[in-house]
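Listed next: structures, encoded as structure tokens.
Shared between the two complexes below is chain A, which has chain B as its partner in the first and chain C in the second.
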Partner chain A sequence: MALSKEVYQAFEDVVGPEFICDDPAIMPSYHKTEFAAVILPENTAQVQSIIRLCNRFKLEFRPVCTGWTGTFKPGVLYIDLRRMNKIIEINEKNMYAVVEPYVITAQLQAELMKRGFHLNVKGAGVNCSAMLRGHGHLDQSTSGDDRNHLAIEWVTPAGELVHSGSLGSAGEWFCGDGPGPSLRSILTSAVPPGVTPGVFTKAALKIYHWPGPTKFPVIGTSPNYELSEIPPNFMARYFSFPSVEQAWAAENKIGEAELAMELMGFNVAMVAANISTSNEEEEATFKRLSKEVLGPGFFVIIAGNSAADFAYKKRALFHIVEAAGGQSLKSLENPRTEGILLCQCIRVSASIRETFRPGGMFKSIPVMGQRDLTIKWAIGAGKAKSPLIEAGHIVDDGGASFGWGVEQGHVGKTEIFCKFDPMNPVAKEAVQKWYDEQSARAYKENYFALLMPGHPEDIGKSLSNYHVWWNAIQKELDPNRVSPEAGALV
Partner chain B sequence: MGLEQYKGDMNMCCRCSACKFIPMQKISGNDYSYVCPSISRYNFHSYSAGGRMNIGAAALANGPTYTDRLLDIVYNCQMCGACGVSCNYAMDMEVMAPITEFRVKCVADGKTHPVLDKVIERLRQQDSMVPVTGRRGDWAAGLQLKDATKEEVDVLYYVGCLTSYDKRLQKLARITANILKKSGINFGIAGDAEPSSGGTAYEMGYEQDFLNQASKTMSLIRKTGVNTVVTSSAEDYQAIKVLYDKFKLKGDLKVLHIAEFIPQLVKEGRLKPRKAVNLAVTYHDPCHLGRLAEPWVHWEGQKVPGDRFVFDPPKTYRRGSGGVYEEPRQILQSIPGVTLTEMPRIKEYAWCCGAGGGVSDSNPEFAQWTAQERIAEAESTGAEALVSACPKCEMTFREAAAATGSRLKVYDIVELFEQAIE
Partner chain C sequence: MELTALKNAMGPERVICDPSMLERYAADISFVNRVRPVSLVAPKTAAEVQSLLKFANETKTPLVPVSSGAPHFRGDTVPGVGGALVVDLSGMKQIMMVDRERRVAMCEPGVTFAELIPAVKKAGLRLNMPLLPRQTKSVIGSILEREPLVMPKYQWDISDPLACTEIHFGNGEVFRTGQAAGPGTIAQQRAIGGVQKAPYGPGTASWHRLIQGAQGTMGIVTWMSMRCEILPSLEEPFFVGSSRLDELLELTHWLVRMGLVNECFILNRTNLAAIFDDDANSRSLRDTLPQWALFYTVAGYEYFPEERVSSHLVSVTEISQRLGLEAARTAGRISAREMLKTVQEPSADPYWKLRPKGACQDVFFLTLQEKISGQIAAMTELAEARGYAATDLGVYIQPIVQGTSLHCEFSLFYDAANKGERERIRDMTGAATREMMARGGFFSRPYGEEARAILNRDAGTVAVLNAFRKIFDPNNLMNPGKVCF
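Moving on, here comes the complex of A and B:
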């Protein structure tokens, strides 16, 4: 497992002795995995040198940003990108920001708000890399996935430096597709731990108009932060409906009318998590809110560019909700609670409460696609959670899923998860069984196909044999197979 | 129980990295967004609270892997508690407690830091955490203060090792005594009889030495007959108020930091800050007066079996909201001519001065690196002076300001307040 002295020295020569370590004492903190070593490059040149050495020594590597989650195999070189933490540029005229991998979203978002901009924030939270590909609370108005990536600086698994899009032709970051080499189909992922092999060392991200304050007026001490006032022309509400169909109808119409800055299909368990400062409080709040709602629902933030725009959006929103038979959850209209939710769901800072706090772990099935289709699947997946809830294996969230429309709703994200105690082997096994069964059901019943490690061929056959193509591409990109991330073009 | 009692907490760490940053909602830009000096300086995840939790959990499961690197990780932490505040915004788990217990375990296993061993040896021999120069009560020469061990007083002014012995800082003891005198409070000092509180020894992992000092200090306090102790040392304040309570040694003793006491005295009309002190300042919250000073919460119970990490009876976590944050600001705002501009990292998420947890002894370079970060942050406010309420902070900042050529003046809060009172 350990590197020879010569190999270690070669890597040390790149970064210096302070930034490489293979001491067994540090390994428990790195995903409990015995890596060959952990190395901390400072810049693109060092990343390139490291990857070239990996090719020379046939050593597999895994690059990692904030490293929240991931599954790793022992013996690989762990490239920890935390020293690459600079905001390179915020281009207000062309509306993009260029960042290194370890700029977290909270940092970039704060800098953007000062300048009248914001960005798509992934549901995982602002503690994650700003470069991260994914979806989140603000997808309704800021899109998601690779749609927010413009030009990218990429060190390939072979150690080549590639500049995509306009960066490759003109040294400009404004476009990922051209003029210049468009690699969108290959650079489908974002940053480690993602699925594109190699390392993204810089990326330009789309930024969006922000009609709010330069910073939120957060007062109080942790964990009791609240807003001293609701910013002008902002409103946050939770609407519930008698049925899934009615909620979905309202979600569609809100998207069509382009009303919402944020439409997050939170279930009440997630709302309860957001506004509670402890597990006990969360459980009690969930029970209380469950009695107050009509049924499924969603959380909406509207933000007006002017008082008149705000008045119109507010009026139209309530009209749509009322027409769909929905109603606002009164207890969340309290300005204190509204402020907490408003700030937390824009500066996405309570995802940890929603996921890890109750039991210590969660297992999720997230899917992109047609919302009406994925919602139908999620209802079944939710019902399948009931026995686990009754047995006390997972946290009671009412069996609910959540989701939201992307780009005002013409595609959408649906997700469902189980929260459990990872130290409980029975619970762990039950959750895994649920995960496997619901993933398989999604494919068998033609809802969608998840990438299931170990079974690429089953799904690949249904998707133009993507796995064959991807393997061929990967072989070209990574001739020595040192970047073991399997690709996903699904 | 030691580390074992925090097994569940350590396993709860989800590696979200919140512990590395100030609370996410408070991040106001790319600068000054980190909160943990250790991960900021040493970069490997192992130096963060999350990494320490992971290492602690592995040590429980498989036995600790003692290497030089592990000890480097263990002792290069100021034990400032900022990680716990950021974590506990979202998570229900103990953070500082297992990190402290891991140090205690290292010491119990004989895996100590040689420099800290010498500090503790001095404590055992000379009853001081800092080099002894002269007699402990020399600072009070000529002040004609009451000897609380012999005369009846209402309040004991506990001075602390650093302020007592360090020639540069003895002025703080004299100023504090002068303020108390002007207030008309019937107070006294223990002079040469004052023992070290031992708080820093606990942070260093030497639990038994701490308990010995706590016992001595409480014996002295009982001997004086007072039920109120006032101190100008944030570390000793936290030790007597919080740590002694943790070990059920404090009883009903009232412990006040001078920064808490002054606003009371002003309110009672005993002190009147009327003279102008024209100075633009920024205020540094000492860890031991801020988040670490949150009262101890006694709790005994068990995890409720099942899916949630909840306990019977419910557990109240110390999340940093109960520190002394407002009173020092009230003092500064009460001084005519003083204008206060806040730094980006304040109160429960303040950046540490760098000197805590024995780091000023074991790794002065790291302490200075940390302090210099704070000096730069203070300078960014445009203030002329950096004010704190802890002698160790003042000492560390003065050195850092000198080393960086900073124009900032460094004061303890009592220095400014004394100038303002009649």
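Moving on, here comes the complex of A and C:
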């Protein structure tokens, strides 16, 4: 898979010898695929030169930001964007930030909080690139998916530099759409299975008002982080309900009333994961909490702009929960536990402890869309986990799904996963079977279609033949097909 | 043009070739060239739209889709080339769904704000609207044009409130965006409780963004679903009048940033007077008004609305006092309550922009807080240099997308019957567009004579858009001559 001397030299001429490598001893430290080489550009001009060379040599490339996950074909050029790590601008008056690909959410969030702002934190964690498309715990009040992007600087697969929206016409970052039809139609960043071809080299993101302290009051050392105090006018609670329907009714009303900074449809297994520091502690906590809850539930953070706003939100929140037959989980009202959850959900992204720690691996079916509809589907998918739990193939989480409202409940995310030991082939096979069956049911019963790499014909046909259009677009943008699809780049 | 096949397909009476009828579509209030279409068809169903596209592709006939009724202002519904067939969708009037729990409605392109507002209101919902659209304005037309919305708080994304849509691309293929794409037909989706709310996909792309802002150059939209907001149970409207625009902008920033207000925009006294013009008495009304008026509403919903409103007002008052500004229940003779009632409906007839002088040309763009005052000063200077009284210039400032930018709209009111004045306004429009671009204004919606100059500033985007359009409309039939196509 190694590059010829001539080709290697051409790339080296762009970045210098320190920032390109095809040493077989180094390649595996990135991913298990055999890459042609790893190259680390410093700026947009270098990215553009690299991509032009890729076109000249018909060499496929994959750009990577923080590299949480990804699938890669052997022989591709791995463009590691870690040197592009600058916050370009924080525009307070117009509420956006401009970042390079390797600026991580934690870094940007800390800078924003100093100025009274924060941003959407993707489920993959604050250690991941801030600019990428995704969803997370704060979607209720900070949107998600591709809806936080404004203008984007984009090097196309053919090596052209395109500035979307106001950046292209006015040299400013405040708008990503126009003139005319919006390039944001395809500049949607990286989400499995498809990604925008080419490389994003800078992006402007919407930022949001932060009513909390300029420095998040985290104390302790890993894994025992907690808060020195609950910030004024902040509160975190977990509410459980006798049924899914009652939980949904309350979730919907909280969205309509615009009460929550975060509304996260955790199950108690996930709560347990976030407030414990080991698998043993997590299991015990899960069993204890399971006895305390009425049934399904959600975690809520409210944050007031003032004491009066906080008092109103608190009153309305408890009124809605009570009317829906719910109750607060008393053992989580302890300020220390409350602080841990605030820290996990705002500063960290609670997904981290929930996912890999218990089993080593997880397999997930995530769905964006109409929340009540996807909840309906997830009930069946949860029941289908029971035999796997009973057989000991997956971690016992009560068979529950999770999810949350986005944009004060206008839309939502629902997700369900199985946590398992990847070294156990029987478990792996059972989880794959569950995944295949539940995906097939979602498709057959018209809930949603999971989109797999390569866009299988039958799914594409049932979704307005979108795959045909998308392939045509890719062909236009990437005539030499050097920017292969597949893989997330978070 | 061979219209026999079309007459056979649609019925001869449906294909209108009467010159007096066609003349209505040959020009509008803008300054684009007069081009009379060769015929006009008003489809009633998606199937008829399909027939039209089939005919157009077979005969290479350009199509100009039109959803709203006259008067038109921006030149996008006037054929850009000869031999065109106008597809008038204003007769497609069905409101297909209003769903209170999921906060969504769905309708056809002929449905106007005047028709949809009562339908959603009945269900306890409201639309996030543009400022006082004319009576004949199509809701879908407005959303496709990415018109600014008066409640920036509820505009999370510039594409809002678009949820899902069905488009018949120029090559005749039908495509549904977002959740509506599938799996299943719309009826099958409804059967399990699906309401076509989520805008994402299908796949990686956000297809609806390619259709918005296209001025009908990608295809013909036959329905759209749109997110709606909850109807407040309590609304408290306020004006803040001032001669200091920068302070009003600062207040606006904080109100939007903290999510304290629903309706929120700034008008200068000329525009405010035009909206409330009674019997051409606007000048005397105007003299009672502050130079600039910020209008905002604080709202309460289902739970403890008074408490919500009063808690928000605590913050609003604190910010206002810090800036030395004071909210009032009136601006001159106009009450805030009257203003609220007015902006929650389409404009009464005659359309408010036609009231002062019978015609109006708008120059609008997106900009930043720190640039807008300089742009307004430059526009005022430019108008005066051309003998247009600065006091006659209407200015509307609308924060959009939760405060990430400002829509700035200059309204040049004029007498269309006065040929000299019309030419002066035409000249001013071009000069103002160039001046605002030079001062950092972003013309995200390029219309009319200025479109080419606007698009020439961004060759990169134009190249990509042209590559895409070839895919969806290979015969270049959809409204050719508009945008960059």
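As a convention for this text, the second predicted complex is superposed on the first by the 472 of 490 C-alpha atoms of A that agree within 3 Å, B and C clash if a C-alpha of one lies under 4 Å from a C-alpha of the other, contacts with A are read in each partner's own complex, and residues count from 1 in each chain.
To be clear about the criterion, contacts are C-beta pairs under 8 Å (C-beta built on N, C-alpha and C of every residue); 3 or more make two chains touch, one makes a residue touch a chain.
Keep in mind it's a predicted model, so treat the numbers as computed, not measured.
Asker: If you stack the two complexes on chain A, which partner ends up touching A:Phe420: first (chain B), second (chain C), both, or neither?
Answerer: Touch status of A:Phe420: first partner only.
Asker: Identify the partner contact of A:Glu280: answer first if only chain B is touched, second if only chain C is, both if each is, neither if none is.
Answerer: The answer is first: A:Glu280 touches chain B but not chain C.
Asker: So, does A:His163 touch the first partner chain B, the second partner chain C, both, or neither?
Answerer: After superposing on A, A:His163 lies in contact with chain C but is clear of chain B.
Asker: One more residue to check, A:Glu407. First (chain B), second (chain C), both or neither?
Answerer: Second partner only, chain C.
Asker: Tell me which of chain B and chain C touches more residues of chain A.
Answerer: More residues of chain A are touched by C.
Asker: Applying the document's definition of touch, where does A:Gly392 land relative to chain B and chain C: first, second, both, or neither?
Answerer: Touch status of A:Gly392: first partner only.
Asker: Tell me the contact category for A:Gly359 with respect to chain B and chain C: first, second, both or neither.
Answerer: Once the two structures are laid over each other on A, A:Gly359 reaches chain B alone.
Asker: In the overlay, answer first, second, both or neither for which of chain B and chain C A:Asp309 touches.
Answerer: A:Asp309: touches chain C, not chain B.
Asker: Is A:Glu476 in contact with chain B, with chain C, with both, or with neither (first, second, both, neither)?
Answerer: The answer is second: A:Glu476 touches chain C but not chain B.
Asker: Looking at A:Glu292, would you say it contacts chain B, chain C, both, or neither? Reply first, second, both or neither.
Answerer: Neither: A:Glu292 stays clear of chain B and chain C.
Asker: Tell me, which parts of chain C touch chain A in their complex?
Answerer: The touching residues are 101-103, 146, 156-159, 173-177, 179, 181-184, 188-189, 191-195, 197-215, 217-218, 227, 230, 253, 257-260, 301-304, 307-308, 310-312, 314-315, 318, 366, 368-370, 401-405, 437, 440-446, 451, 454-455, 457-458, 460-461, 463-465, 467-468, 470-472, 483-484.
Asker: Could you please specify the touching residues of chain A with respect to chain B in the complex?
Answerer: For chain A paired with chain B, touching residues are 19, 21, 23-26, 28-32, 38, 40, 66-69, 80, 82-83, 86-87, 103-104, 106-108, 110-111, 114, 125-127, 215-216, 218, 220-225, 277-280, 283, 343-344, 347, 349-350, 352-353, 355-361, 392-396, 419-424, 427.
Asker: Across the complex, what residues on chain A touch chain C?
Answerer: 91, 93-96, 143, 145-147, 150, 156, 160-166, 168-172, 174-186, 188, 191, 193-196, 206, 208-209, 211, 252-253, 256-258, 304-306, 308-309, 311-312, 315-316, 319-320, 368-370, 372-373, 376, 407, 410-411, 443, 445-449, 451, 455, 459, 462-467, 469-470, 472-473, 476-477
Asker: Can you check the complex and tell me which residues of chain B touch chain A?
Answerer: Its residues touching chain A are 8, 11-12, 14-18, 21, 23-30, 33, 43-46, 48, 50-52, 54-55, 57-59, 65-70, 73, 85-86, 88-92, 306-310, 314, 317, 319-321, 323, 325, 347-349.
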